[in-house]
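In what follows, a single structure is set out as structure tokens and then discussed.
Think of it as A, B and C in the order they're written, each chain with its own count starting at 1.
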Amino acid sequence: MSMLKVENIYKSYGSCEVLKGISFSMEQHETKVIIGTSGTGKSTLLKCINQLDPPDKGKVWLEGKEITNPKTDINKIRQKIGFVFQDFNLFNHLTALKNVSIGLEKVKKLEKEKAQERAIKELQRVGLEKQAQQYPAQLSGGQKQRVGIARALAMDPSIILFDEPTSALDPELIGDVLDVMKSLAGEVAMLVVTHEMGFARNVADEIIFMEGGIILESGPPKQMFKNPKMERTKQFLGKISTLYGKE
Amino acid sequence: MSVTFLLTIFSIIVGFIIGISLSLGRVYGNKIISIICIGYIEIFRGTPLLVQLFIIYFGLPAVGIALSPLHSALLGLSLNSGAYQAEYLRGSIQAIPSGQMSAARTLGMTKMQSIKNVILPQSLRISIPAWSNELIYLFKYTSIVSIIQVSELTKEGELIASRNFRYIEIFLIIALIYLIFTFIITEIIDRVTKKMSIPGIGLQIKTRPKLS
Amino acid sequence: MFVTLAFDILLESFPQLMKGLSVTIGLTLISVFIASILAIFMAIGRSYSRQPIPFFILIYEKVFRGIPLLVLFILIYFGLAQAGIIIDVFIAAVIGLALHSTAYQIQIFRSAINSIPEGQFIAARSLGMSNFNVMRYIIIPQMLRLSIPGWSNEFTIVLKDTSITIAIGVIDLMRQGRYIIVREPNSALVILLFIAFIYFILVFSINQGLSYLEKRYKISGLEVNTAR
């Protein structure tokens, strides 16, 4: 069985049906990138997967366990699914170090020293060990996001969901975050919603193109960029590539 | 004088406990709990403190609960303060971006854990200005309990003044006492706040673009 | 049986309570009216005048926000009596409520003024308006709109504070209630609950009414800066 299996997800907000039957699966260490126009429910899909916003219909399995089942302990499951937000959502009242260690202390119940050790390691991994004692308000956007990634990594997740991680960043800071993400590819599974075509092309194992609430097409980057099957895919990629630059 | 302090400190602390419970219940509780909390808050804020004190002191004996003036005062001030504190806390809880809760949940924290570790630390800091206002209000409103014969500062003053009809002198002094203590309390709170401040947390002062 | 007795008394005392209510309402309206006028002038003075006017207004604020209302009432009524000037309790109450409320309303109007973009004043002057006209046509209209929430809150506070006037002998709703309770101790709970209910209805209606006003006169984009 796949590590992550998403089956027939439907989600509506009021009278607006945002997700109309999404299904796909992911294996360990895979990197998949979801692209598409705004409003096609990409972020919603991520939130449906970790049940932050449960789907109306459909099921999700993580490592064989059905997490859409109301009986499952969702807090336990969430330890295995990391989430990186578009607006970072760092805990403003905690230092960078504490931000990374708090999950270890309160959820995984690690001892303070062990949690701190691990937190420092993760901050080193994203290149921010010098900023450990700074508060979020003192960090740049790119630094904030990298702390966010460290925070997710510290929990040893099987998969990390990235919700447009670079959309709120100044252009010159995007590179740092993407570099960190590149370094993670192959080590931990990543499901990334983004407009960064360079990343999609060079790092993804598979690209998923969503439009109108369904998956229009999916495939390895080479195929998607060179020989997309659908006309709409070709159209979208063509426009986006010009806009965001081919890396 | 000491009675005034006792009343103030007791009521602000008990009021705080009541206030947190109410505001958390109102924001995070289910429909029933939420409605009960809102009901309490609206009733205690929508009626004068004196009426509440009278009900406790004069009204409760009718159902068998007879409290001394001091106890009635403690109860009344606490219940009243709790309602007002609940409102301030609610404001500061709602001022926290919803992303904070989302982030805490994605780490696997339960609702309670998220509230305790992420929401409350921030909202308590934000509510400090309002809370210090409440402290000062409470300090002044303790004077009202003199009406149900609790011998705090104002009542003592009344007793002395009525004996030799020297109201002006006595009460100017009393007014001065209240003023001085209000000032001292404000200063202490300002200092403590500065010491405890974290960069980035506090009431956001929105800057508007200047018209050229 | 016990409770029905009490309800009888309630019905009997209704006219008396209503008399007290009219005093309460009268106190509130007059005090708030006076306080608002004073506060508007003082708020404008604090924001736009040259020193030392703002300084004195600041002192006023600090003093009248630092003294409990009850102490103020006693000072006014008994203090003046001691000095040989005897005034009606109602007037003493109005003075006390007005002076006290003014101090708080100055804050409200000031924060409303602070929310008005700076350039308004300069723009009006450069059109050739006199200071007086600027205040009248540009600043005050905007300030009033912005103060509605804070002002309505203050209005209900004054209403609730009128209950304190019982201490200097004003025969308002509270005191009428007290008279009734002294006469018929059994009725205490019912009468007091009824009085609480009346206050509650008043406060509620005022909040609703002013919230309606706010919506009616709302101009989108013109909102209060949440600065404390």
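Observations
Following the convention adopted for this analysis, contacts are C-beta pairs under 8 Å (C-beta built on N, C-alpha and C of every residue); 3 or more make two chains touch, one makes a residue touch a chain.
All of these numbers come straight from a predicted model, not from anything done at the bench.
Closest to the protein's overall CA centre, chain by chain, comes B. Chain centres were defined as the mean of their Cα atoms; on that basis the chain farthest from chain A turns out to be C. With each centre defined as the average position of its C-alpha atoms, the distance from chain A to chain C rounds to 54 Å. With centres defined as mean CA coordinates, chain C is found 20 Å away from chain B.
With centres defined as mean CA coordinates, chain B is found 43 Å away from chain A. Against chain A, in their complex, chain B makes its touches with residues 97, 99-100, 102-110, 113, 117-118, 121-122, 125, 198-201. Within the complex formed with chain B, the chain C residues making contact are 6, 62-63, 65-72, 74-75, 78-79, 81-83, 117-120, 123, 156, 160-164, 166-167, 174, 177-178, 181, 186, 188-189, 192-193, 195-196, 199-200, 203-204, 225-228.
Residue ranges of chain B in contact with chain C, taken from their complex: 42-43, 45-52, 54-55, 58-63, 129, 140-144, 146-147, 154, 157-158, 161, 165-168, 171-172, 174-175, 178-179, 182-183, 203-206, 208, 210-212.
Residues 50, 52, 75-79, 81-83, 85, 87-93, 102-103, 106-107, 135-138, 151-152, 155 of chain A are the ones that touch chain B when the two sit in their complex.
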